[in-house]
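In what follows, a structure is listed as structure tokens, so that the remarks can point back to it.
Per-chain residue numbering starts at 1, and chain names A, B, C, D, E, F, G and H are given in the order in which the chains are listed.
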Amino acid sequence: PAATPGRTDETADPIVGVVMGSDSDWSVMEAAADALAEFDVPFEVEVLSAHRTPERMLAYGKIARERGIRVIIAGAGGAAHLPGMLASVTTLPVVGVPVPLSRLDGLDSLLSIVQMPAGVPVATVSIGGARNAGLLAVKILATSDDALDAKLAAFAEDLAEQVEKKNDALHESIAAKASK
Amino acid sequence: PAATPGRTDETADPIVGVVMGSDSDWSVMEAAADALAEFDVPFEVEVLSAHRTPERMLAYGKIARERGIRVIIAGAGGAAHLPGMLASVTTLPVVGVPVPLSRLDGLDSLLSIVQMPAGVPVATVSIGGARNAGLLAVKILATSDDALDAKLAAFAEDLAEQVEKKNDALHESIAAKASK
Amino acid sequence: PAATPGRTDETADPIVGVVMGSDSDWSVMEAAADALAEFDVPFEVEVLSAHRTPERMLAYGKIARERGIRVIIAGAGGAAHLPGMLASVTTLPVVGVPVPLSRLDGLDSLLSIVQMPAGVPVATVSIGGARNAGLLAVKILATSDDALDAKLAAFAEDLAEQVEKKNDALHESIAAKASK
Amino acid sequence: PAATPGRTDETADPIVGVVMGSDSDWSVMEAAADALAEFDVPFEVEVLSAHRTPERMLAYGKIARERGIRVIIAGAGGAAHLPGMLASVTTLPVVGVPVPLSRLDGLDSLLSIVQMPAGVPVATVSIGGARNAGLLAVKILATSDDALDAKLAAFAEDLAEQVEKKNDALHESIAAKASK
Amino acid sequence: PAATPGRTDETADPIVGVVMGSDSDWSVMEAAADALAEFDVPFEVEVLSAHRTPERMLAYGKIARERGIRVIIAGAGGAAHLPGMLASVTTLPVVGVPVPLSRLDGLDSLLSIVQMPAGVPVATVSIGGARNAGLLAVKILATSDDALDAKLAAFAEDLAEQVEKKNDALHESIAAKASK
Amino acid sequence: PAATPGRTDETADPIVGVVMGSDSDWSVMEAAADALAEFDVPFEVEVLSAHRTPERMLAYGKIARERGIRVIIAGAGGAAHLPGMLASVTTLPVVGVPVPLSRLDGLDSLLSIVQMPAGVPVATVSIGGARNAGLLAVKILATSDDALDAKLAAFAEDLAEQVEKKNDALHESIAAKASK
Amino acid sequence: PAATPGRTDETADPIVGVVMGSDSDWSVMEAAADALAEFDVPFEVEVLSAHRTPERMLAYGKIARERGIRVIIAGAGGAAHLPGMLASVTTLPVVGVPVPLSRLDGLDSLLSIVQMPAGVPVATVSIGGARNAGLLAVKILATSDDALDAKLAAFAEDLAEQVEKKNDALHESIAAKASK
Amino acid sequence: PAATPGRTDETADPIVGVVMGSDSDWSVMEAAADALAEFDVPFEVEVLSAHRTPERMLAYGKIARERGIRVIIAGAGGAAHLPGMLASVTTLPVVGVPVPLSRLDGLDSLLSIVQMPAGVPVATVSIGGARNAGLLAVKILATSDDALDAKLAAFAEDLAEQVEKKNDALHESIAAKASK
């Protein structure tokens, strides 16, 4: 995937791989890419199917670290095997995103990803929680990157400020309604 | 697995592979082997882990048909990926057995096995239903084997007779209790 | 069902029966027929209700094999008894499709089909997974049909190629968006 | 089932059929028989398997009413098809008892029994609720039997008195403990 | 409820009570009334809330039998207490309809109705299964009414014929599509 | 929150705090405020996030009682920690409202709120049951306020009357339809 | 229940009613009584069945407040109607304890209690959470009782100290094990 | 926690914090500590309760990074708030372990931990999966530690070898049984 387009600095080599079983998962998984881009973390995006391209999938996982990848984010739905199978062939942390399908609200995806056997963990986030998967990758990278950690601290402050603003907006909206 | 011991005619080449993620699954999966033995279907048994030996697992699936295997029975628990991953590399029908673990009563195993994406089916049986997996393999083989089909017909008659006997035994037990 | 219309070669006798409890299930079950047609497997379609036409249903199952049927695919929803009841009167493998109804997302259908007692297996596919039911029937038939098996191998390669194409399309779409 | 032993007046013809898929269900289903015996309702007990003796099962249902049966109580577990299949061949009310198996706590049994399609109802009681199935049969019979209805009224009064006694016993037990 | 309008012969006294917790349940419960009307069973309809009019609800149940009611059909949703509470004050059989609310797909309604304690059964039908509740009431009444029983037998034959017609229609539709 | 706008008498100090994790929860939580307003209970509204403003959230809880608050109503969705965390820092009763998110129908919210460990209870209401949360707060306040208690008694009578009116309306609607 | 024994000051009139459907629930509900006793809150204990003694149950609820009761704690299992029915006839806050039965782990009890319709809230605690029900009653009473509130503050401090002690004990146990 | 005993090199400062809500969780969480010890990763163990010591808990999270901690592993059961609340006050990755309690098999714990809102991820492992939590922490640390990464690679090889040995042992056991 030499020319894999990321939406960040094209000259930087990707250090996070965002992979998914089908391009239809992109509507969910794009939020992971967006979070990485917000933190200027270079990433690549790949469609890799555990069930339709099993060998290419394993090959991706096996050479990911030597290619410079540090964290893999994998999204899949239903009998979701992609995150767990990647975790079985790499020493890298794999973040799993349960993609909800049209039935069962993603409960099957969640259980297929989180209930991994001893020895092969997958760092599972919420159903459809691709944005959190991106943020978790940033947190992992920040364990050895103080600059990135500082960005995370600023991000947390910003989250808190947004709550304040929402509180003010709600109060204004209630007051406006009451004064009518 | 040249010398894989089956419990049927050792001179016969195995035509069913009974595989499982851990030897601890044998207590559940043995019932599949027993059912095959009852029908004199030669089989082999292998411990193969989707997560701990992913490449050996895929290799097993890829050459299974040319080795003479006609049906694969795969049991796994939790985030159970073994049946689906084998199905992804073979044209053979794969029968999946959801092995129940100590929690969730096998519901996670069931969903991880049955909810496969379009293109890669797994023939799923009940939670812990290894005996039925063996019987399903026999039914599949019998689609092109009239002698085996005749055995299945006899087996079904025997099941019906057992119900009759159970009915008689229950009546006797109730009558005995009533006459006290 | 002498004149049962299949969408394949009308001169061929059907070897797969695609049955369902109501014609309203056809919107789900048609995908099974489509898969069979893709592989040129002759099939027939029947509306058979376990609960509304129990005797005709059992009669269908009992003579299916002698009529030349090799695999039965049965779809049903809710307290879905059709696949299991057919399995109780035939030596043929029965593939069960849990049809989702307007509530419970097909979980009731799945459990009613997959949790069969020892002795009478149903090869269950995913909720609404009629396409996979068709493919599973093909896999079963291919255990004794090398030409069909070769088609399955080509089909699997095609699936893999489609993933590659989806990957390329996604990359192009991302690149296009990034260059704006 | 001419000589079916019931535990009530042997000279009376049975008017309730208590049927179950296996004699192992008797430990649950006996409570239905006990309830009928308490109300002196003559009944018969049969082991009938929807999956192992489908034709005998249907035959039982078809002639039940002309044999004098007025209510059928059917217990089954897992993919529990017995109550629904009986209901499909008789005009009699069928009371279904979801028998819990070793896994899923009877949730599969409950859904397989209660979620019947329009046209073929099963009167479902609680998981393992065989005693209530017996009482429901009595209530059904009492709709046209004032003497039986009077017994039900007395039974309800007795239930209320038992609660009073339990209340007294609990108060005594607490008081005794407090005075130590 | 002297002037309770039923949609059947106004001169007939109602023998089935169709009750529900809110008039918003009528969209579901109307199917019970329709089924009763098809069989010319006189019925009445009442909005009765276990939680908002507990005493009127109990009063209804207590005098139902002496008013001539033979079966009560009660529909409720969520923490659905109406069927069970009515069952606690009458010797009549109570048929419970789990009404699905906007969340949980009626699973809460089902469990709140079906899981009654020993001594106080409710004959539970499927989630939203009001039509089946009406039919079950007819089946109960038919245990002592041969004319009604004959109607049920004809109804069952009609159900079977409809399946045949649906089968024919499906075949025609497939053939028409194939011939294009 | 000196100038927190409530929709009741602005001169009165709030005695109920209605808090939620995001202003998007207001569409659900407004019903709690409406119920309080109906009973003229002064309240305040705050957006407080357990996860985005943890310290402000705890600070709110810690000084709530000394500020005059008597009951806290907290709504949250998903991994809903707000009610439980507030309960951990205040002696006040906390009423928890499971807010349903777009998936799982609020089952995750419910379990995250209701399954509190021994020592730190949360008074949980139904999924999305904000109106009931408001009413529960009124009931709690009325344990020491006879005037408020009298209002609750009148409210209950009004609920009963509404059921009567709904019953009448349903009867009229059925009669009108029947007379056409 | 003039002479109802509580385990607190017998001269004090009870202000909390601890009620349950069966004396077998006492093993769970005793923890509610113990919590009340720890805070010297006078209480009474009653066995009251929604289904077996519906009228006595309603009578209890209707006069509870005038008898001096301020909070009712009600425990029930399965189709648990006791808390909700009591809430329907009293203005007092009712705390509901889902009592787990031998199957479904109390999920049926929880949903039957918590999913109350608008207008009639039940303050639900965790499955089997009787101790928390007692503490919630204390919190409710403390909204108008500063002395009780002070006890709750001390109780919370004690909980925190216990965590510290557990932490120390764990460290000692680990250190002891390490030094072997 | 200056003198917190770890079971690894006492002179090393801990870089992983293993925290849990109660010392009773240690039986589950010890496996996380064991995994860290196997990889010679220095760690500390703390009992910290989100609900009983909320402020000490937040204080732990807030200064964890400056104390040198790089990953926090937090286990909790039921309404499990500890992992999420820690994640809300630290930039460090938090690994959450759903501890199963005596009911619901840990499903409540899992949902309370994994379903975090956008902005505050928790890396969730399987129910009771403390060993995997330890291994995930090692994988996270190894993203910037090639020596640790090499150990992980060796560990994975060892897992694969163990599967081979289990396979051999199973074959021997079957062969021994067959030769009897």
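By definition in this document, a contact is a pair of C-beta atoms (placed from the backbone, for glycine too) under 8 Å apart; a residue touches a chain by one contact, two chains touch by 3 or more.
Everything numeric here is computed off the predicted structure, so don't read it as measured data.
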Any chain in contact with subunit C as well as subunit G: D, E
Whole-Å separation of chain centres (CA-atom averages), subunit D against subunit E: 20
Inter-chain centre distance, subunit C versus subunit F - centres from mean C-alpha coordinates, in Å: 49
Whole-Å gap separating subunit E and subunit G, where each centre is the average of the chain's CA atoms: 37
Whole-Å separation of chain centres (CA-atom averages), subunit A against subunit G: 43
Shared-contact residues (touching 2 or more other chains) in subunit C: 22, 52, 78-79, 104-105, 107, 114-116, 119-120, 122, 126-127, 156, 159
Chains grouped in pairs wherever the two touch, ordered by label: A-B, A-C, A-F, A-H, B-C, B-D, B-H, C-D, C-E, D-E, D-G, E-F, E-G, F-G, F-H, G-H
Subunit C residues within the subunit B interface of the complex: 65, 70-71, 91-93, 95, 110, 114-116, 118-127, 129, 131-133, 135-136, 139-144, 149, 152-153, 155-156, 159
Residue ranges of subunit G in contact with subunit E within the complex: 21-22, 50-52, 54-55, 58, 77-81, 84-85, 87-89, 104, 107-108, 111-117, 119-120, 122
Contacting residues of subunit H [partner subunit G, same complex]: 4-5, 7, 22-23, 26, 45-49, 52-53, 56, 78-79, 103-105
Complex contacts: residues of subunit F adjacent to subunit E: 100, 105-107, 126-128, 156, 159-160, 162-164, 166-167, 169-171, 174-175, 177-178
